[in-house]
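Across the two complexes that follow, chain A remains constant while its partner is chain B and subsequently chain C.
And then the complex of A and B:
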């Protein structure tokens, strides 16, 4: 499909792409600009694409109304721990299923794959009861343990296995003959080669943890334990109506840092995701 | 040596191994394999399989936490499920949402991938921007759209500038459903777009050149070459997207709370309401079983379909 295009076709493609781009880009722009508008301008007609007056006081209110810095930290450290843990344990399991021959390996792999069929939403009621019995309600343990070891990690294990299967056996043979242990081979030979797959798994895992919403509202009850997605929806007035400018300011604070990281590292991001075992 | 070395007693084992090797290569490999998968396997058993058993057990009980009751009732929750007047509405909303999402998502992803596959200057900038909502926090993205979809919000203001009076998007059953689908598609279509783009770039160029020599028009090349060659990716993305659509919760909770009426109450949201808002854990568990069965059946059907529809398997 990638033949040379006529100038007319080029213009048409640029035009079509630019129109299609609006719903992808405009919401982020509208979020950032509305967050610095005074509340009286927020529903102004005609709408101001660029704020007429700028008012940063909403950003101070974000931190006054809730322990927002604490909530930010909660989300960040949970996502970091979940990402590191998933990268370690899923690459170990993926490596074993791909490269080590042991009895019942295939059957056990099928057991692990069951996690893909049983999303966390199906088991949320018993998980709540289990963590209640372990006295872990209103702690961050459920948001850390379930993603690292439960259903969400299966996808990561699958991606890592697909990667390790494609790795040439000769790379390990020499080390095996030298009598290097399996863990050593995994850690010093296989894992460094798996960097692209690991990066993709890391990005997916981070975003998944960062976006979790059902689990926090089920497991957490006090504002200083909340994670960001949960906190964002709490900026409401006495009647439950949204305090729009404050919600949008908090949303901007949540979204923009990740967006900046993404724009800096977009090549690794997009290509890493595309070149995992996902290609089918 | 190998696995044992990882555990920290290498020297002793080496001596033993030389005499009469109990720790043969195979045995050491087996032990290593089990140790490597142990954390994940223990996790799946603890956080997936045991809860699945429990959810089935709970589904046969009447269990109201507020009343502190937990009575075995056999199949009564399932009978209640079948006679639940809300069930048809919930399944209808779930079906419309998932079908709409998959069709819209996959066709938009394919269109964007074909456009981005062209050799044009600045194409990576477009790719980055189309992908960017994927990394925006889900609830932040949904809050902005809720703001935009207010009756006096951004979208209706822009429509009004062109002389069109827009509907109150989130207060009308039809437009509310369209809204939750569209918001979710723009959020995540970038993922499928990137997978399609990688698949398109993997199609051998010679095929197109041969077709061009034969004078096949572009559209025919797309139907006869591109679609069959990327069919494995289409199948994979459709499985991921359908299963993912059944798990959508935050968008509904933030945009519509399942309303107006029950028009956007999908199964996961109904399950959440029953279990955690009305504290009916038994009935909530029955709904969980229903969700599990739907996911399992859909995955199985799609897995079977790959034999008929997919061009090749690696």
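And then the complex of A and C:
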């Protein structure tokens, strides 16, 4: 067949690809293998790529030292609520900005986009004061409300708007002739067709919420309220030194849902990126 | 079924007027084609009937009802779009039954109506397929099916065949026409293709720049165009226009004296356009001398671009013309088919 590579070229290309893969695969490999090594083996030199001694007790300790299952649940339900809420609000807002002609729509959209330019660190103190006034400190409300109405949602709204702009207007006109009102057109025609964009938004939002670190350490103070990124920092010994193997075991457990979500939604995710013209 | 009346209909976008007071009467059960060049306002007019564009002035009546302020769903119309506008995430059956489902029609009735429409359009085997699994012609049929299951008072077609290849267009043209003959539903059909207009319409409305140029039966427009625009738009290849002046001995053009119909001799001598369709030239041994510039054999006819005096014209002959460029042939215009238009206004003079 034309364009088929010779065996030598194939070997060279696969060799090069394998080398390029190292920076991406090595940290994950190091995390997983170190999670089952005794702490002294982690710092052995030269380093062992394959653990010489395997000790799974680190995984048990992850749950003994902290209410890790509870923290796992905290992260999972917060990420789920934030993802669902962001998908709902951003799809409605994106649709409105793309499809409904109202005065100053474009100017308003620009104002909304400005939200992306403000670093979350800048707003954290006023947000803390606001949630303190609302008696929501050491609750999960800030971790749910800030992403749904903050920068991640603005980004999601932008993605959804770009998708809805590209949706043929004739589909909506056909739906109008078929007797549908504005909300039904959104719900039964536009939204089902926006599945790839919604999947991309869902994954981005889930990852953002799952990895959220600054907000939890500011708003939460008791271990049973912690989320996973914050919990990971708590595996220290009496002198404040990190218990690396236990911490890496917890990190491995933390990475699992993200990998599962990505593997399940990989196709939709890539389609979504293609649809929205965004790069990963 | 119902009549459709457009009365002094106007449409403006800001200060720009695009439809300038259009009056059209469409009888109950009639197949009317709105035709005109791109940007003439034909699709805008159709969308105003559908309720997809607001009306700046005048009235749209469907039956006896003024529908200006009614939503599309309340006008009892069905529309077939240029790009089909099928819902990609629904099967053929779901697409066809969608509006009925939304209106609360019982499921059994929906199934019956979808089956009936699918049988008419030959879609029985495709009801469970998705639009992406269909060819262009099949999608067009589904779009038509979606319209007919509703049994509306009026069908609106917006250039439905323009995305199909030439062969399929001819097939679908016949299907739409026979569907109309079967259902007898009032139909308004928009196209820029004058062949579609001629072959399908009971009545043609020729539009230009947001104004009606002429309304009439296809052959009426072909035989007696009201002005130069209609004469040039209807018919392919287009009518030849030869500038000149009426004289006692005939029509004096640049380097040629053309024969005139008897009645035209009474017209006052003033600058005119002599209109003659390519197919109304005949090859003779003692007609007007014409210098051949290009010969295009089409099989059924031969088109010859030639120079009659100083004016280039096209002739379409049933005979096989074997002349070479530069040669002289002799042609004669059929006097009964000569059209005269005022040079300034473009209006018909004979």
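Here is the rule we use: the second predicted complex is superposed on the first by the 245 of 280 C-alpha atoms of A that agree within 3 Å, B and C clash if a C-alpha of one lies under 4 Å from a C-alpha of the other, contacts with A are read in each partner's own complex, and residues count from 1 in each chain.
In this text, contacts are C-beta pairs under 8 Å (C-beta built on N, C-alpha and C of every residue); 3 or more make two chains touch, one makes a residue touch a chain.
Nothing here was measured: the structure is a model prediction, and the numbers come from that model.
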Requested in this report: Using the superposition on chain A, decide if chain B and chain C clash or fit.
Outcome: fit
Report task. For A:168, decide between first (touching chain B), second (touching chain C), both and neither. Result -> second
Query - More chain A residues in contact [chain B versus chain C] - result: B
Requested in this report: Look at A:143 in the shared chain and tell me whether it touches chain B only, chain C only, both, or neither; answer first, second, both or neither.
Outcome: neither
Report task. Considering only touches as defined above, state whether A:177 meets chain B (first), chain C (second), both or neither. Result -> second
Report task. Could you look at A:103 and tell me whether it touches chain B, chain C, both or neither (first, second, both, neither)? Result -> first
Query raised in the report: Does the superposition put A:87 against chain B (first), chain C (second), both, or neither?
Result: neither
Query raised in the report: Is A:270 in contact with chain B, with chain C, with both, or with neither (first, second, both, neither)?
Result: first
Report task. Mind working out whether A:210 is in touch with chain B, chain C, both or neither, as first, second, both or neither? Result -> first
Requested in this report: Mind computing the angle chain B to chain A to chain C from the CA centres, in steps of 10 degrees?
Outcome: 80
Report task. Determine, under the contact definition given at the top, whether A:229 touches first (chain B), second (chain C), both, or neither. Result -> first
Requested in this report: Return first, second, both or neither, reflecting whether A:189 touches chain B, chain C, both chains, or no partner chain.
Outcome: second
Query raised in the report: Measuring by CA atoms in the overlay, how small does the chain B-chain C distance get, in Å?
Result: 7
Query raised in the report: Same chain A residues contacting chain B and chain C, which ones?
Result: 179-180, 184
Report summary line: Within the complex, chain A is touched by chain B residues 1-6, 10, 26, 28-30, 32-34, 36-37, 39-44, 46-52, 54-55, 58, 111-112, 114-120, 124, 126-141, 143-148, 150, 152-154, 157-158, 160-161, 182, 186, 190-191, 194-195, 197-200, 202-203, 205, 208, 212, 218, 221-222, 226, 232-233, 235-236, 243, 246-247, 249-250, 253-254, 268, 271-272, 275-276, 281, 284-285, 288-289, 291-292, 295-296, 299
Report summary line: The answer for chain C against chain A in the complex is residues 50-52, 71-73, 77-79, 81-83, 85-89, 98-99, 102-103, 146
Requested in this report: Flag every residue of chain A that touches chain C in the complex, lowest number first.
Outcome: 168, 170-171, 173-180, 184, 189, 192-193
Query raised in the report: Where on chain A is chain B touching in the complex?
Result: 1-5, 10, 13-14, 16-17, 20-21, 23-25, 27-28, 30-31, 34, 43, 45-47, 89-90, 92-93, 95-97, 100-103, 105, 108, 111-112, 114-119, 121-130, 145-146, 148-151, 153-154, 157, 179-186, 207, 210-211, 213-214, 217-218, 228-230, 232-233, 242, 244, 247-248, 251-252, 254-255, 258-259, 261-263, 266-267, 269-270, 273-275, 278-280
